[in-house]
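Next come two complexes built around chain A: one with chain B, the other with chain C.
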Partner chain A sequence: MLLETIKKDFIQYKAQAEPGEFLTLREAAFAEFEKLGFPTTKHEEWKYTNLKSITDNTFQSTCEIKSLVNELFNASIESKLTANFLVFVNGSLVNELSKIIEKDNSIVISSLATSRKNNQAIFNQHFGKYAKVEGQAMNALNTALLSDGAFVFVPKGKTVVHPVVIFNISDASDLNVLAQPRNLIVVEEQSTLTIVETYYATGTNASFTNVVTETYAGKSAHVEHYKIQQQAGACYQNNFTQFFQEADTNINHVTLTLDGTLVRNNLHFYMNGENCNSLLYGLYVTDNKDLVDNHTRVDHAKPNCFSDEKYKGILKGHSTAVFNGKIMVHLDAQKTNAYQRNQNILLSDDATVNTKPQLEIFADDVKCTHGATVGELDEESMFYLRSRGIPEDVARKLLLTAYAVDIAEKIKIPELVELLEQKIDGKL
Partner chain B sequence: MLEIKDLKAEIEGKKILNGINLVVKPGEVHAIMGPNGAGKSTLSAVLAGRADYAVTGGEVSFNGKDLLEMSPEDRAREGVFLAFQYPVEIPGVSTTNFLKTAINEKRKYLGLEPMEATAFLKFMREKMELMEMDKALTSRSLNEGFSGGEKKRNEVFQMAMLEPKLTIMDETDSGLDIDALRLVSAGVNKLKDGERSFVVITHYQRLLDYIVPDFVHVLYKGRIVKSGDASLAKELEAKGYDWIKAEVEQEANA
Partner chain C sequence: MAEEVDIIDQVVGQEYKYGFTTNIEMETAPKGLTEDTIRFISSKKTEPEWMLEYRLKAFKYWQGLTAPSWQNFSYPAVDYQDIIYYAAPKEKITLDSLDQVDPELLKTFEKLGISLSEQKRLTGVAVDAVFDSVSIATTFKDQLKEKGIIFCSMSEAVHEHPDLVKKYLSSVVPYTDNFFAALNAAVFSDGSFVYIPKGVRCPMELSTYFRINAENTGQFERTLIIADEGSYVSYLEGCTAPMRDENQLHAAVVELVALEKAEIKYSTVQNWYPGDKNGKGGIYNFVTKRGICLGDYAKISWTQVETGSAITWKYPSCILKGDYSVGEFFSVAVTNNMQQADTGTKMIHIGKNTKSRIVSKGISAGKSHNTYRGLVKVNKKADKARNHTQCDSMLIGDRSGAHTFPYIEINNKSAMVEHEASTSKIGEDQIFYCNQRGIGTEEAIGLIVNGFCREVLNQLPMEFAVEAQKLLAVSLEGSVG
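After this line comes the complex of A and B, so read on.
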C-alpha cells in the first residue's frame, strides 16, 4: 500500500530535517494530506479517474541512477535543442546531464534544493504561494515529500534566450519508483521565458510521478510553457501546474500527452490583473487501456482578460480520455473573453471520452463560448482526398496528422515541432 | 472513353437517376444542364464514387473498365477527376503536400517511381504559371480561408497537376464572379489537348460562353431528355427550362 510507504517516508524526512519555516510548511501539508487521503472516484473532480492502481501498489523513492538514462537522454528529441537543461532522474538532479548555457548571471536556472539556499528571499516569497494545498490532496502530498525540481528566476526586463528544458526520467529498472518533482518558476516584470517540461521513463517496473509546478508571471511578462509526456510502460503521473498572472501577461501553454498508463493533468491559471492573455492547448493520443485526464481551470479574476483553450484527442484501443474545463469568471471580471473547445476522434469502438465544459460566470458583460465534439474523421474530407487518388489509409493518416499538428504547432520552437510531428506521425 | 448505360441511382430510398445514357469520346466536351433537382450533382457524385448514393441499375465503363466497381481513389488514379462544387477546406494539410501525395500515389498505382522532390516542385511551378496561380495559395492549408473563386481555381490547378483523362466539373461556375469565371475557364481551355474529355455540369449557360461544348444535354427528373449542340444552351438561356418540362410532361401524358 502506497499510503504506508508515504507515512514512513515522512517520518524519515522529519527525523533529519532542519527545523524552520520550510519544515513547518511541509508538516502542515502532510497533515492536510492525511486528512484528505488519496482522491477516490467519489470525489466529483476524480469521478472518471481511479487511482486504485497507484494506491494499491508500492512505490519507493530512490536516488540510485543507472547509466541507461544517459542513452535515453541522448536519444530524446529534446536533447537536440539548443537549450538549458536540468535533468532529473526519479526526482533527483543529474549534474552530468544538466547544462546551463545562459550567460546572464542575474538569471537563475538551478535545482530547487540549491535555490532554497542561494536564493532564499525569492524562494520564500513564492514557494507554495500559488498551488493550493488546502483541499488538494496530491499537492499536499507533493509539498510534504517533494524530491527536487527546477528553479528558474528571471529578474525584471530580461529575456532568457534559449529554452529551459526540465527533463524528467523515471528509472524503474530495479523497483517501482515514486518521484515528486517540484518546480518553481518566477518571471518578473517585462521578462520572457520558455520552458519545456518533459517526461520519459525506462525500466520494466512501474513508476508514479506526482509533480507540482508553480509559475509566477510578473506584470507584462511572457511565458511559453510546453509539457511533453512520453512515459512508455507502466507509468502513472499526476501533474499540477499553476500559473499566477499579474496584469498584461501573456502565457502560452501546450500539453502533449503521447504516452502513459494513467496521466492526470491539472492546469490552473489565475489572472490577478487586467489585460492578461492565457492560451491553453492540449493534444492527447491514447491507446491500449491508457487513461488521460485533463482538468483545466481558468480563473478570470480581473476585467479585460482573454483566454483561449483548445484540447484535441485521438483515441485508440480500449483507452479513455477525460476532459474537464472549468472557466470561472469572477464578479468583477467584466469584458472577459473566454473560449474553450474539446474535440475528440475515436478510432476504436472500445475507446471512451468523458468531456465536460464547466462555465461559472458571475460577471454580466462577458463573452464565453465552449464546445465539445466526439466523433470520427470528417467524411467529406476523406472523400475529397480519395477523389484525388489518395488511398483510404493514407488519407486517414494525412487528416489525423493535420488534426494533431494543429496543436503541436502552438509550440514556438520550430525544430522541436518538426521532431514532435514525426513522433506523432509514428503514433497514428 | 466514358460510356454510361441506363444508370439508375438513389439516395436514402429516393430515386434520383432514372436511366442515364451518355457516351463521351476522347477530346469531347459535354455540357449537362438542367433545372434544380434534376439529378446533375447526383450524376457527378455517382461517377466519382461517393458512398451515400446507391446505384440500383445500369453500368458505367471507363476506357473499358467497370467504373462503378472501383473505389474513389482507383477511379481517380485511372484518370477521372471531379471538380467539386464545394471544395472541402482541410486545415493542416498544405496544397503542396496534398498534391505530392496524390501524384505519387497515382504513380505507384501505375507502377512508376515516385517523383523526386525537385522534379515535383518544378512541375508544380510550371502548372502554377500556366494556371496563373498565386504562389502563396500552395503553401497555405488546402482551401482553408480561400474565397469561392480561389477554391474553384485551386480545383482547376489540381486538375492540371493530376492530368486526368476525364474531368467532371460540378457547377464550377456557381458563386463565381465574371473575372473568376474567366480565369477558371481559361485554365480549363489550356488543358484541352484533343484527348482529354470534359463533362461540364452547370445550371447556367454563361460558363459555356467560355468553355464551348460539343454537346449539350438536358437532364430532367433523372433522365437526359434532350441533346443538341452548343446552340441548345443558348436556347435554354433565352427560354428557361419550362418549355422542356412541358415537352416531357406532354410526352408522358401521350
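After this line comes the complex of A and C, so read on.
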C-alpha cells in the first residue's frame, strides 16, 4: 500500500530535517494530505480517473542511477537541442548530464535544493504560493515529500536565449519507484523564458511521478512552456502545473502526451492582472489500456484578459481519455474573452472519451465559448483523398497527422517540432 | 450606468401576478412524515394493498438516504418533518360534472386563465387540474374515451387501470433512483395518467395545471404517460403558487414511455412563485422527469420554459433504448433576483442509430445564477449515435452568473457528438442597431431575448408559445444589460 510507504517516508524525512520555516510548511502540507487522503472517484474532479492502481501498489523513493539513463538521454530528441539541461532521475539531479550554457550570470538555472540555500529570498517569496495545498491532496503530498526539481530565475528585463530543458527520467530497473519532483520558475518583469519539461521512463517495474510546477510571470513577462510526456511502460503520472500571471503577461503552453499508463495533468492559470494572454494547447495519443486525463482551469480574475484553449485527442485500443476544462470568470472580470475546444477522434470500438467543458461566469460583459466533439475521421475528407487515388491507410494517416500536427506546431522551437512530428507519425 | 440600475430596479420590482391565495376549506394530513402519514394518504385515496406496499418500500429506502449535495446552488436544509404531505379541498371529489366543483375553486382556475368549463372546446385543450394534492377535474374525458385514450388522475388510474399502472409505474424512474424520487414514490398524492392506444393520434393537446395553495404543504405529484405503438400525444404542463414567505417543496416525478414508432411531446411552462427580490419564499422545484423510447423509431421531445421557482433543479431526460429512436430537449430557463436554476438534460444512447438534440438557452438577470448541466452518454453498442448540443447563456446585470457543466461520455467510435456553448450579454451594437431604426431600448431587449429563445419557443404548441413569450417579456421587462 502506497499510503504506508509515504507515511514511513515522511517520518524518516522529519527525523533528519533541520527545523525551520520549510519544515513547518511541509508538516502542514502532510497534515493536509493525511486529512484528505488519496482522491477517489467519488470526488467530482476525479470522477473518471481511478488511482487505485497506484494506491494499491508499493513504490519506493530511490536515487540510484543506472548507466542506461545516459543512453536514454542521448537517444532522446530533446538532447539534440542547443539548450540548458537539468536532468533528474527519480527526482534527483544528475550533474554529469546537466549543463548550463546561458552566459548571463544573473539568470539562475539550478536545482531546487541548491537554490533554497543560494537564492533564499526568492525561494521564500515564491515557493508554495501559487500551487495551493488546501483541498489538493496530490499537491500536499508533493509539498511534504518533494525530492528535488528545477529552479529557474530570470531577473527583470532579461531574455533567456536558449530553452531550459527539465529532463525527467523514471528509472524503474530494480523496483517500483516513486518520484516527486518540484519545479519553481520565476520570471520577473519584461523577461522572456522558454521551458521544455519532458518525461521519460526506463526499466520493467512500475513508476509513479507526482510532480508540481509553479511558474510566476511578472508584469509583461513572456513564458513559453512545453510539456512532453513519453513515459513508456507501467508509468503513472500526476502532473500539476500552476501559472500565476501579473498584468500584460503572455503564456503559451503546450502539453503533448504520447505515452503513459495513467497520466493526469492539472493545468491551472491564474490571471492576477489585466491584459493577460493565456494559450493552452494539448494533444494526447493513447493506446492499449492507457488513461490520459487533462484537467485545466483558467481563472479570469481581472478584466480584459484573453485565453484560448484547444485540446485534441486520438484514441486507440482500450484507452480512455478524460478532458475537463474549466473557465472561471470572476466577479467584475469584464471584457473577458475565453475560448475552449476539445476534439476527439476514436479509432477503436473499445476506446472511451469523457469530456466536460465547463464555464463558470460571474461577470456579464464577456465572450466565452466552448465546444467539444467526438467522432471518427471526417468521411468527406476521406472521400476527397480516396477519389484522388490515395490508398485508404495513407489517407487516414495523412488526415490524422494533419490533425495532430496542428497542436505540435504551437511549439516555437522548429527543430523540436520537426522531431516531434516524426515521433507522432510513428505513433499513428 | 444610472439608467441600467433604474431598469434593473424595475425588473426587481416586477410583481408575481399569480400570488393570490384561495380561501377554501382544506383537509390535511398532520405535519411530518412517518409510516402513518403514508398509510393515511393511502387510505384517503382508498388504494389497493399493492400500492401501499410500494409506498412503504419507497419510504423505507428513502429513510436510508441523505439529500444530495452536488448541485451548483445552496439552499437551507429542508426539514422533511415540517411539511404537510397531503392537502385536499374538503369537498368530495368524485364529481360527475363541473357543476359540482366548489365555485371558489373554479374561480381560482379562471383567475389563472384556465377555464375548466368546457368552453375551451375551441382551443382543443383537455385539462386536468391539480389543486394542492388532488386532481380537481379533468375535461373532455368522454371525447377522449371514444378514441380509447385514457386521460385521468393518477388515483383514478390506480383503481380503474391497475394493470397499466402496475406495469409502467416506476419503470422509468424507480424509487431507488434518487432522494426526491424515493420521497415522491412514498408520498405522491395525485397527478395525471395518460394512455394512448395503438395507432391513435391524440386529437387535442392534453394539459395539466398544477396549483399549490395550502400553507406549509409540499406538492408531490406523479405523472405517467404511455404512448403505445404508433401513437402520438402532445402534453402540456403549467403551474403557479401563491406568494408566501416560507419555501415550499415541489418534488414531482414524470415518467414517459414511448413504444415502437410512438411520439410524446411534453411541454412545460413553469411559473411557480419565485420568491421576493431578497430571495424570501418561493418554491423549491426539485423534479425528476424521464422518458424512455422503449421501441424502435420512438421519439420523445421535452420542451420547457422555466421562469418561476426560487430554485429549479431538474433534468428531463431521455433513454434512447430502441434503435432509431430520437430524443429532444428544448429549454429556456430565466432566472432573476435571487433565483437559482440547475437544469439540463440527460441523453442516454443505448440503441443503434439513435439521435438526440439539445438546445438550452439560459438567461440570468439580477443576482441570480443559472446552471446548465447535461449528460450525453453513448453506450458501447449504440452504433452511429448522433448528438448535437447547443447551450447559450445570456447575462443581464453584472451580479448574475451563468454556468455550464456538460458531461460527455462516449464509448463507441462511430458516435458523432458535438457540443457548443457560448455566453455573452446583449451586444451594445445590437441595441444600437435597433435604436437607430427607432426601436426603443426596452423593446429592443424584448426583441433580442425573444430572438435568442426563438428556437425553443417555436417548439411549444401555439397557445403556450404566446403565453411563454409574454412571460419572458414580463420577467425581463426593462433589463438593459
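Convention: the second predicted complex is superposed on the first by the 428 of 428 C-alpha atoms of A that agree within 3 Å, B and C clash if a C-alpha of one lies under 4 Å from a C-alpha of the other, contacts with A are read in each partner's own complex, and residues count from 1 in each chain.
The working rule: contacts are C-beta pairs under 8 Å (C-beta built on N, C-alpha and C of every residue); 3 or more make two chains touch, one makes a residue touch a chain.
None of the values given here were measured: they were computed from a predicted structure.
Q: Should the pairing of chain B and chain C on chain A count as a clash or a fit in the superposition?
A: By the criteria stated at the top, chain C and chain B fit after superposition, with no clash.
Q: Give one of first, second, both or neither to describe whether A:A333 is in contact with chain B, with chain C, with both, or with none.
A: neither
Q: Should A:V285 be classified as contacting the first partner (chain B), the second (chain C), both, or neither?
A: A:V285: touches no partner chain.
Q: Is A:R386 in contact with chain B, with chain C, with both, or with neither (first, second, both, neither)?
A: Touch status of A:R386: first partner only.
Q: Applying the touch criterion given at the start, work out whether A:T352 contacts chain B, chain C, both or neither, answering first, second, both or neither.
A: In the superposition, A:T352 touches chain C alone.
Q: On chain A, which partner touches more residues: chain B or chain C?
A: Of the two chains, more chain A residues are contacted by C.
Q: After lining up the shared chain so the two structures overlap, which partner does A:L193 touch, if you call chain B first and chain C second: first, second, both or neither?
A: A:L193 contacts neither chain B nor chain C.
Q: Applying the touch criterion given at the start, work out whether A:L416 contacts chain B, chain C, both or neither, answering first, second, both or neither.
A: It touches nothing on chain B or chain C.
Q: Under the stated touch criterion, which partner chain does A:I166 make contact with: chain B (first), chain C (second), both, or neither?
A: neither
Q: Once the two structures are placed together by chain A, how many degrees is the angle at chain A between chain B and chain C, based on Cα centres and rounded to a multiple of 10?
A: That angle rounds to 70 degrees.
Q: Please work out whether A:I109 is in contact with chain B alone, chain C alone, both, or neither, and reply first, second, both or neither.
A: Neither partner.
Q: To be precise, I mean the smallest distance between any C-alpha of chain B and any C-alpha of chain C in the superposed model; what is it in Å?
A: Once the two complexes are overlaid, chain B and chain C approach no closer than 15 Å between C-alpha atoms.
Q: Show which residues of chain B lie in contact with chain A when the two form their complex.
A: Residue list for chain B touching chain A: 48-51, 71-73, 75-77, 81-82, 84, 87-88, 90-93, 97-98, 101-102, 105-106, 109, 141, 158, 162.
Q: Where on chain C does chain A make contact in their complex?
A: 70, 380, 393, 395-425, 481
Q: Name, in rising order, each residue of chain A that touches chain C in their complex.
A: Residue positions touching the partner: 44, 331-332, 334, 344, 346-376.
Q: Give the list of chain A residues in touch with chain B in this complex.
A: Listed in rising order, the residues are 378-381, 383-392, 394-395, 398-399, 401-403, 405-406.
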